[in-house]
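There are two complexes below, and they share subunit A, which is joined by subunit B in the first and by subunit C in the second.
This part shows the complex of A and B:
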């Protein structure tokens, strides 16, 4: 472990830029944290933190000048690896012939030009979400070429959490608040009278960059202080989810009355799936020019909360709100395990914060667990 | 040209070689690769994603003979935007193809067993390749029974071929219609009513079922009543599909993806979700 002073953060950014990376990081825009291109540490949300609760999000000033003293905003990094819209096919028609080509993942015609990204300040829950999407897009049979191209050239600077929000529960999901693997560099910020970062390299790329930075071996006191701050985030976490047996609990309770109850509140707005850093569903859209000579196919983010999602001739498979809510939660917490060998939820809390009516996935699990317990009591 | 048409989202243009009108709303397309040289080997039960220029792409099962992979045959019912556009195709027109995708009917696993092929409506199309493959090695199977139900006599698919199968001594073919018209001398009633009469040994039979989901539900019940185990009943499921690759998420059925874990499933694999509504 090494320590790098706050004053050298811009040097880190410059080194990455010199190596051709476009820096992406959190920044404040219109009263919220978003992800966007940044060029220096002053573009980060310096001295900001966030208050989050069900259907509630507000930025607030901190009493220090932390660069990473907040949890997560509505944007997740998936928009750079799995962009909201990607062109899949260019088709041309000549007479009765047709020609289909795929825009190369490297070309700018993809809607989002493919750059070499360095993600700055990836929280551990989000890092785990990236590792989960790796399994979806790279590790389950078919490889998504766009994801692969963007992922291979990615540099990840993870920021261990020193500030959790009211909707966070990554500790329950074993996804934080400390990054375990998958980063190039992982930093723990200590902002106070002294402002420094305890840094760990997780890859060769990361070590190379670290060695070029002014750094020193961390003192025991620095390490202890960093650990204490991460522990504080664990203690602050506003939510918990009891994962014991949750897969079977949900798969075995498809007719639980709670699905119907919660669907009465659900607006089917799809916010929860769009903000979720692991949701991977997409649809395709076909368009032609007016003359009917050229056509395009675009892939766009989709959500299991829409009716079209399950449409087959004759109607929608999941026509009730109840069945769509059940699909979402059962997929996240149960069938994801069967498909990709882990939970589909990292406990980032976004779906709770950005749900307009404040539906809380942890509360829903408790409700289903609770009544199930009662039933078991009655039968025993 | 990309050698494997099933690893990408880019369709390969094929040429329509022949168009056959099957019924008032069903047609069969025979497709050839543009350069005439390539084949598209497939197993019975698999499907392709067919792309109509600028209109859209839909999953359609391969209905042709697996021993002729140079002819890609699809039988399609007109139900909406893409299938309607496909219906206007004429010989020499182009159609994009990706595939083949999905799991096959268990033809080889069924060696030595009696076979029940049970189709509802257009469900006969995905089963036809299995019938071809079974009949081309007829000696490897016990009894071969084909049960086919359609709404009306006018909806019966592959009429000429069905007559050929019916006239074989080594095939038992039964057809039924939901609603008869004057002149119809055959069975009336849903296809499940034929199951109890099928001359097979339930202890040693393999059933392959394709049709609307309700039809399959009742069919499975009848088959189980006759003592055919859930590990020897195979059903072909249908879900919305956008990719065929296990990436778009649309075809999820319980924890499975119909495009890669299906469409053909042993009933036992999905029995926990089969009865759940809207799953």
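This part shows the complex of A and C:
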């Protein structure tokens, strides 16, 4: 473990830029934290934190100048690795047949040219979400070429959580608040009279960058302080999800009355799936030019909450709101295990925060388990 | 050479905005005219070719006895009939009259009410004749109109998804105002199609594209009621361009005193 002072953070960013990385990090926009291109530490949400609850998100000032003193924002990192729209095929009519070409992941014809990204400040829950999407897009037999190309050139600076929000439950999902693996650099911020970062390198690329930065071996006191701050985030988790036997619980209760109850509240608007950092559903859409000479095939983000998503010849399989909500939650917490060997949930809490009517996945599990709702744990 | 299909554009009670979307296509309009013969489109050309027509686009709602007959004649001479816009698909803003007695409006608005012959309700075209496809919006989105015409020409299903505006917001990365202290937004119950135009300017969705598939308006308004919104505010949110679309009509009526 090494310590880097706050004054050298911009040096870290410059080093990454010199190596050809486009920096993506959280920044303040429209009353929330979103992800966008950043160029220096001042673009980060300096001194900001967030209050989150069901259907509730507000930014709030901190009493320090933390760079990473908040939980997860409105965007998940998946929009850079699994973009909302990707062109898959160009087709051209040639007499009675047609020529098809697949744009290469590196080409600019995808809409945006593929960049070499450095993700700055990836929270541990989100890092775990990326590792889960790795299994989906790279490890399940079929490799997604766009994801692979973006992923291979990615540099990840994880930021261990020192601030959890009211909808966080990564500790329940064993997905945080400390990053365990999958990062190039993992930092723990200590903002106070002294402002420094305790940094761990998780890869050769990460070590190389760290060695080029002004750094020192962390003192025991610095390590203790960093550990204390991460522990604080654990204590702050606003939600809990009891994962014991949850797979069987959900798969064995497809007719539990709670599904009907929650479907009365569910808007089937798809927000939960689109903000989820692991949800990977997409639809494939073919378009033509007016003359019918050329066609394109696009992949777009879709959701199991839309009717068309389960439309096959003759109709929609999941026509009731109940069946769609049940599909989402049982896939996320149960059948995902069978499919990819882990839960599909990392406890980031976005589905709770960004549901316009505040449906809470932890509460739904609790209801199906039949246990009484525990008094809401303290908010951040 | 193969005959190009003929296009007719018809107007009922409406503001012309949706027809204008076709003229707005500009560069693409030339491409359209290469594949379609514009046979009857009086807003574009005085030259009117005799029907029947292969494709009819119908704008506007039925508000008079005369129009209620005219739409049947148009249906008879149209191979494919597509309605465009909130008036044609839901009765339009003029369907606000449907909630009151139209005679009272007429007596207030017109100096000689005796000249006015109108039906008591403004109704969508599909209430009168079979409609092959409904394109929603107030006004419609020109790209969606082109997509519908394109799909027709190429014999495929149009890519006009019926899911919520939220899907468009999230793909664009717009921060949800409903959650982050923005104004009330009908996005979660509204049909996509505008590419989240208002939310991209920090405004709530006004519901211009009408109800989405399986809209759960009651849940959204219950949530708003808990946060202090009053029935009259909720009623007004749903009394808009698509006030007479089934889901929005029922929702607004449930907030009537």
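Everything that follows uses one rule, which is that the second predicted complex is superposed on the first by the 370 of 380 C-alpha atoms of A that agree within 3 Å, B and C clash if a C-alpha of one lies under 4 Å from a C-alpha of the other, contacts with A are read in each partner's own complex, and residues count from 1 in each chain.
Convention: a residue touches a chain if its C-beta (ideal position, glycine included) is under 8 Å from a C-beta of that chain, and two chains touch if they have at least 3 such contacts.
Note that the structure is a prediction, hence the values are computed from the model and not measured.
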item	value
Room on subunit A for both subunit B and subunit C (clash or fit)	fit
Subunit A-centred angle between subunit C and subunit B, computed on Cα centres after superposition, in steps of 10 °	70
Partner chain in contact with A:307 - subunit B first, subunit C second, else both or neither	second
Touched partner set for A:29, first subunit B, second subunit C, both or neither	second
Touched partner set for A:335, first subunit B, second subunit C, both or neither	first
First (subunit B), second (subunit C), both or neither touched by A:101	first
Subunit B versus subunit C as contact partner of A:269, first or second or both or neither	second
Which of subunit B and subunit C A:327 touches, first, second, both or neither	first
Which superposed partner A:315 touches (first subunit B, second subunit C, both, neither)	neither
Subunit B versus subunit C as contact partner of A:287, first or second or both or neither	both
Closest Cα approach, subunit C to subunit B, once both complexes are overlaid on chain A (Å)	5
Set of subunit A residues, in rising order, touched by both subunit B and subunit C	286-288, 292, 302
For the subunit B and subunit A complex, residues of the former touching the latter	7-13, 34, 51, 53-57, 79-80, 92-96, 238-240, 242-243, 245-250, 252, 254-257, 260, 272, 276-279
Subunit C - residues contacting subunit A, complex	28, 31-32, 34-35, 146-147, 149-151, 153-154, 156, 159, 161-164, 166-167, 170-182, 185, 187-189, 202, 213-216, 219-220, 222-223
Residues of subunit A touching subunit C in the complex	29-32, 34, 55-58, 74-75, 79, 84-85, 264-271, 274-275, 285-292, 300-303, 305-308, 321, 353-354, 356-358
Subunit A residues touching subunit B - in the complex, by the definition given at the top	88-89, 91, 93, 96-102, 136-137, 140-145, 251, 254-255, 280-284, 286-288, 292, 295, 297, 299, 302, 304, 309-314, 317-320, 322-323, 327, 331, 334-335, 337-339
